[in-house]
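So that you can tell them apart, the chains are marked A, B, C, D and E in the order they are listed, and the count of residues begins at 1 in each.
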């Protein structure tokens, strides 16, 4: 391997900041070798929370970011920190919970209904684990509460401030409900006794965007970032995303061009 | 840089006793002080015995404690997690994601460093201290306390190192506490959260708050260590 | 539990020199050993001066070092990050997300614990050691080395504590190293990754691998501390 | 003299550095008698006294706490260690002072159960004997060599041990303190304590001691050369010499 | 005697524990002479010697390295500290041994630049003088009290310092070693070194010393009572007494 120090600043190294969900699910490990083979760039992946990924981009410490927080992404571009934003893939959010489903989410007609049911009795028996970390998932959750017209404040709601995988572990221990992206769920579902209790509502879409960090603010490897985005949105890249399966299930739906 | 701003803001919150800030401060110090207080007596005793008793396997045991210093906190966190988890052997106690679980993990974290450092302190003690105490007819338990008094400077350093390890530690607390707001979120896990959210300035500001309180604690402890310099 | 299985598997990988496992082991130890070797000389000197020189502000400085023990690693990581970030004052060095950055952060992490613990060791030293060396006409630098030799037992404990802190530390390495596979992924960040993916057994297995290597290192260091027990 | 044997040691053996430092010695400590232990530097005096008082592990040693009584039998040293530490008081060649004042160091020798008033009185007497009233609040660790030895002896007096082993108790004392020490030891002896003193300064003790043992090449033997009381007369003012006068020869 | 003044100290003052331990003393160290420093326990002898050798900070003190020469002027102690430490050798009341063998401890006193062969020869001579050939490989920390004092003196001999301050050098020594020590010190003196010896054991040194100073209540004064060489005759075999004989009175 070339040393990181040599590679850094040289044009052949691309640094990608991405959320833990894409990295933990194994997608990036699947994509990186193909990208490197096709383009000759080498990719370094820094898997962090959404907020930190955006912050690393703002400071010019990475060249390209891949996250799922549409509003923040738009602001990132609007503020001039990034260019060439593309939605490249999507999966969706689902609500998982204990098998006996105490809040009866299984009968909910819409996402708004499901979230209203959670709060209804304000019962201690109904527990809900919230990411509480301002991540894409957490932002989605807050939107859903707002859409349901309820105040998410009862003693059964725990804000854990951790990543998706850890939050699932905590939900498992507490036998609580959890909003989770399908990719992580498919990847980790064998480790829990929780089950999917609500899914399929159109408002639960989870689009992933890729953004090149603006070369105007920092001496980033813009060419490399561009190459990554181009590859990801190309036919080959999109096919690679669509090809990725875990236990026979596809994790992400390619979206470029939609 | 907004660092100064964030620090100033955190200090203001500290000064006006902002309930949210003081809650996590309270959790941090309550948990870590409890853990260190529980860990100290057995650790000192173990260190003393390791320093003063000759028995087979003594050196290996010392090496073992020194090695445990290199055990990542998250591994200890995992171990405690697996014990306390619903499916674990102690699952019935229902301690996971409580402050008690954090105390348990922190005791395990502090123990090796306390033993290793205090052992070095006892080893450096003048053998005559123990002998003189015994020869003055002082029973072993009190003689032990007297030797502790003689090497209190080194022991205090050990305790501070142990306390520093657990008050600043994030992996195990995150793992067994869960960083749950109002319950188990302490300063380090809050810092980790702020960092993961990209709020670097807030993270550092919280770190400075922790430091300031630790410094106050430290100064108030200083009188224990006395002058520290011995003539002859 | 699949813990034993995972550990056995990790040990097999260790034994057959699995390149992936040995790569992260290599990064861990290369980075931490470099950091500790750079940190030791200035830390010992600082500790010695703090123990032997009388100057105004000495006690406050000692308290300060003791307090720095409570500084969360992630805060040090953040600080180093802000320095090395492209927009930071040292951005031009282009060190972020390299092993050099990890070395820098780990030096800063190890320094306070080295100073604090070695200070306790020097403080416990017999003042006559220094005086006798001087009175024998030995120049200050060599006299310092001789005093170091006299308290090597305590200093070794300090070094082990400092090494334990950095080899097992995850927050700062994660922050400034980025946990990049093949470049900056070391054992603790790998453990954190495994844990966050729910692969507890793998996490613990890696921890055990770390421990085994640390134990080997430890035993080989033991001859430095010699018999350790002094008569009279 | 009607001495009662307090403890009988036999088979005392110490092997170090490929050398038989103490070679199967036997020794009794007898109440109401004082023994002077002499021998060259490195002969093993300190080692012997430390073994007798349960502080240093011998290669071999047997201890009998009830010698001569029917049914008494000597036990191995390692089983008697704690009992020896409790019953036999050893004064270090270089006395150790605990952190704290002189008064604190003296108070350590008194039983915890002693009433406050009595404690105060005892400590005042000890301070007076040691002539340290002016330094009673001083940090004991900063005392001068001779002052430390005086504190150490004052602690021995407060402890009132029946068996007292003193390792060079007067090495750093001034002449007056030496004389006062001998007087104090005489009081111990009159109270029927067993004393054993290691010293290179025989003359000072000549009026106190009942026997003088010489440690040489690992063996203990009664001294050949008689003591010379004449040599210390300028300062020894109390009592008549007990050693028999004779010519100096060595 | 034609003594050359090596160092002149003036205004030596030490204040501790609300007590003027040393009260504006003056003192010269003169080459080729030996001074006995006496005084009660706690009089301040150790403190004085440590100040003179640059180890302990006085409340006040001025040092003149070229007394009497034109243009010489006394400097404050704190500016001369390192120079004093280099030039004046102080032997601790309780000597300190470094970890390692006796040979290692002796070797420390030799300059690093000395050739190997010469080092070996010097060390062998020192071992012989200290009569520690049999223990040369023993760990110095485990030596007996008197043996440590002998090592300490042997180091002083190897170091060949022009100015030597000895704090109770013979306190733990046996009689033979005491006599040998006096003989060694005489050789130092003949080599025109300046010696200052603190001791409670005046008689042993009576044939060596040129003057005797008494430290009392912070003041230094020449001794009133003459020395009594007669008291040590049984062992002192070399040379004639230099003190003038007289009656013991105190």
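Here is the rule we go by: a contact is a pair of C-beta atoms (placed from the backbone, for glycine too) under 8 Å apart; a residue touches a chain by one contact, two chains touch by 3 or more.
Just so it is clear, the structure is predicted and the values come from calculations on it, not from any experiment.
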item	value
Set of chains whose contacts include both chain E and chain B	C, D
Copies chain E and chain D - interface residue numbers shared by over half, same or different	same
Chain centre separation in whole Å, for chain E relative to chain A (CA means)	80
Inter-chain centre distance, chain B versus chain C - centres from mean C-alpha coordinates, in Å	18
Euclidean distance of C-alpha centroids - chain D vs chain E, Å	30
Separation of chain A from chain B, taking each centre as the mean of its C-alpha atoms, in whole Å	36
Residue list for chain B, restricted to those that touch at least two other chains	128, 192, 195, 200, 230-232
Sites on chain E at which at least two other chains make contact	94
Touching two or more other chains - residues of chain A	163, 166
Parts of chain E lying in touch with chain D, wherever the complex brings them together	17, 19, 39-42, 45-46, 93-94, 134-135, 138, 143-147, 150, 168, 171-178, 200, 228, 231, 233-235, 248, 250
Chain B residues within the chain A interface of the complex	85-86, 96-97, 174, 178-181, 183, 185, 189-190, 192-193, 195-200
Chain E partner contacts - residues on chain C that touch it in the complex	126, 128-129, 131-138, 146, 149-150, 226, 230-232
Touch list for chain D against partner chain B, complex	53-55, 85-86, 88-92, 94-96, 98-99, 108-109, 111-112, 141-142, 155, 159, 161
Chain B-facing residues of chain C, complex	1, 3, 59, 63-64, 66-75, 78-79, 81-82, 113, 116-117, 119-121, 123-125, 127-128, 151, 153-154, 156-158, 160-161, 163-165, 167-171, 175, 187-188, 191-192, 195, 200, 203-204, 207, 210-211, 214-215, 218-219, 222, 228-232
